[in-house]
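Here you go, one structure.
Chain lettering (A, B, C and D) follows the sequence in which the chains are written, and residue indices restart at 1 in each chain.
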């Protein structure tokens, strides 16, 4: 669990405060949902779930929210940072069935990585992205290019469907065998409630403050459940959440 | 399952087995302690609680070395006032050791007062954290200051009081004096101040630079301290440090420990893995003809 | 082979590379030191020599633990009078550090006198052996006694004097006072008193019960001590403790060590294996654009 | 390198002060010439090179010379001792050529074990044992039963040939491709000199005081050579001895 070097290949501005950091690095098999710790010496170490990892090239899709992500946004090509991982439990992906990938914000990072894997395996999927308005659209084109169906939901209706992506779940859930979700806590709670109600097989990825990343400090607990996001998650099957008393 | 009994007693407190969740591990939320209890521990130690909540250091707070782990969590904790909440999900029969930290005699007295709860069984004084200024090794290096703290706590609380020792030049003399003050037992040991430099970045890994070394590295040192304290005083001892498998457990108990703390074992493992330690100890006892874990205590001293 | 220079200087003594055979390893016969020199070390440290020969303890004198080794050799050595014989097979250009042990000020003075030989480069005072009564930690725990010894040796000998430190509560203050007395550098660190109990026999393994812990276990502690001493005093430091590969070497040097001691690395390995450490360090320096190992020294302190 | 338990199956008195200790134990592959450390807690730990190890049964052929070997001689069936190993470098045995196994005293222990292995491989060997008188005969019958030629040399001529086994070497060396030797130091020195003189491929096993057994304490040095009996030996090819300046 030592650090490996990661070289900045590119740092692409997507919109406002969101970037793709493209890294060249050699770590073990990292699957969709896995996270890594990005360490910038003398700044901080933060968890990120890559939006793609392939052939030694990793894409981190991140949003500037504070010091470390701010520092990340100023990284130049050729600069070096340090990562350790993969950590946590990834999404479990099968080679069959129909998948709904549903998320919002930069939370969609591990979903689009899942889309890549499903596409490779020739599995049918629908990708649903919820954002405030059309400026925030992220991976719709990428999902389409992967051969999936892709739908954008905007809060203000400036593009795609007006409303929240959970609306899609409500009306179309019968069509899917598996649901993969990832988003802000409120969104995750809504997805959990709906999927429990409909009895769906659903995996949700959560975020909490990850400090140690290896299950010892307790910082990343899913309150009330005793589950640790860094060790037991970040991806949880809703049946596990239920078993441990998750009650949104 | 078998006729072997794992039950032990620590200062009059009956534990279903000798495995104790070490201080500092996964207990920020009541649900975590309750999960650990369900996992099978004989008792649970809280994080070291201070009068006020503490944020702790920013990540990296842990580092992996060849032979153990470094941590500089920085005594992050929700504050001792949160104790009733922390313990709220535990069943009646659970056993709880409250670890107290502080930087003044009053801090410790305050902690002891707040620990005067029905479901608290033992108070452990953390005098030996190696990575927080004025809250750890600074205390235990100063025996008379340590004794003042012990005095204050013992006179405040009716609970058995344990001292968490670190490796110091004078710990045996502290043990003797602490016993005179009415201390009931010792938790041996805390981490040792250490440093890891990353060879990729050539920088200290921990944001705090220094951290406490735990895991296999410190085990033989902990066994020595347990052995020495047992040899001199035959008091209740919780052996902590590098318990990774049944062999380490057996070593601690044979050296004189009544119970065994489990800490670094939990790196990258769910708390339920304590089951393996419990089962393997049971098997060792069975295979070696012990009916009772208590009979193993201190056997390494026998001629 | 490459443009990288491994040459260093220790108190005016030029070494062909920073790797030093640690005290206590394979030097009972002149042929062993000569073999070690041929193997490629930059300098060789003798066993700690006492005024009279010492038998040492009976076997078991070593134990294997999960994270390191325990030894209680008991300072077996042929006596400091044998020094001319011990060094007799070494070529002129070889570099030698004589380690001296004893239990009185006079013992150390005697050792220093006997080390006043042309082919001795540095005198190292072992004040920190953890497994021989009155000859080790008993000394270094007592700063004023340690200073008396240092005084006696520094006034007896013109050679640079290094102190071999162990982990104590007060080592930083000893360092500062020793420097005032004219000490030239520090060898950091000795083993830590520890104990291993065999889980088959349930007995302490070592015939002496206690031994000194070396190897990967103590490395992060040694790195911390090197870092602290370098941070405060920027003096020559030989970093010893758990050097098992180039990463450990790089850590020591980045923490501030001028040279690196090799000890436990030699368990079950011929002394020629030091070549791997030398080559791997060379490769690291090349890969990371260092022309000179000296440029790596202390880089972990740079902001 | 931890201790394993070894249970006493038998402790057979051979003659005067020599015994076979039969142990049931499970250690890694131990070859002829390898040694183990036998640990008797609260007594001592001593090196021994087994005279046979097969199917979890080990035979130690030992001579009582002091405290630990004295203690060993009083071990009863079912008692437990502790061993670690195998340690050191064993004899290198090929599956072809003609072997001379030549030794004296309990030193023959690893030679008779070699005879077992050679016999299994169908390799031709001669076993030559040197002893003070007929009472000390040790493995002659065993060597014959293994299909080898076997010769006894006694100092007083009470049985076999009168004289030292080195006499056999002097007159018959041309017949052998490989020499394996093991005995007291004086014997080993003589064998070394002869084999160097005749240019033979010879391996000799030495004894020195072994304390650590793992090459760190220096106690077992072959004086003047820088070679360690516990790590570089106990079995040395004479070319190595020569290279390191062994001069008997």
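The criterion applied here is as follows: a contact is a pair of C-beta atoms (placed from the backbone, for glycine too) under 8 Å apart; a residue touches a chain by one contact, two chains touch by 3 or more.
Source: prediction; values computed, not measured.
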Mutual neighbours - chains that touch chain C and chain D alike: none
Chain at maximum distance from chain A, centres defined as averaged CA atoms: D
CA centroid of chain A to CA centroid of chain B, Å: 37
Between chain D and chain A, distance of the C-alpha-averaged centres to the nearest whole Å: 66
Chain B-chain C separation of Cα centroids, rounded to whole Å: 33
Rounded Å distance between chain B and chain D, as computed from the means of their C-alpha atoms: 51
Multi-partner residues of chain B (at least 2 other chains): 203
Touching two or more other chains - residues of chain A: 42
Contact graph of the chains (line, ring, star, complete, other): line
Contact pairs between chains, per stated definition: A-B, B-C, C-D
Interface residues, chain B side, partner chain C - complex: 65-68, 70, 141, 167-170, 192-197, 199, 202-204, 210, 213, 215-221, 223-224, 227, 242, 244, 246-248, 250-251, 254-255, 284, 296, 299-300
Partner chain D, residues of chain C touching it in the complex: 24-32, 34-36, 47, 56, 58-62, 64, 71, 73, 76, 198, 200-201, 203, 205, 207, 263-264, 266-270
Of all residues in chain D, those that touch chain C in their complex: 1-5, 37, 39, 41-42, 44-46, 80, 82, 210-219, 221, 223-228, 231-232, 244-245
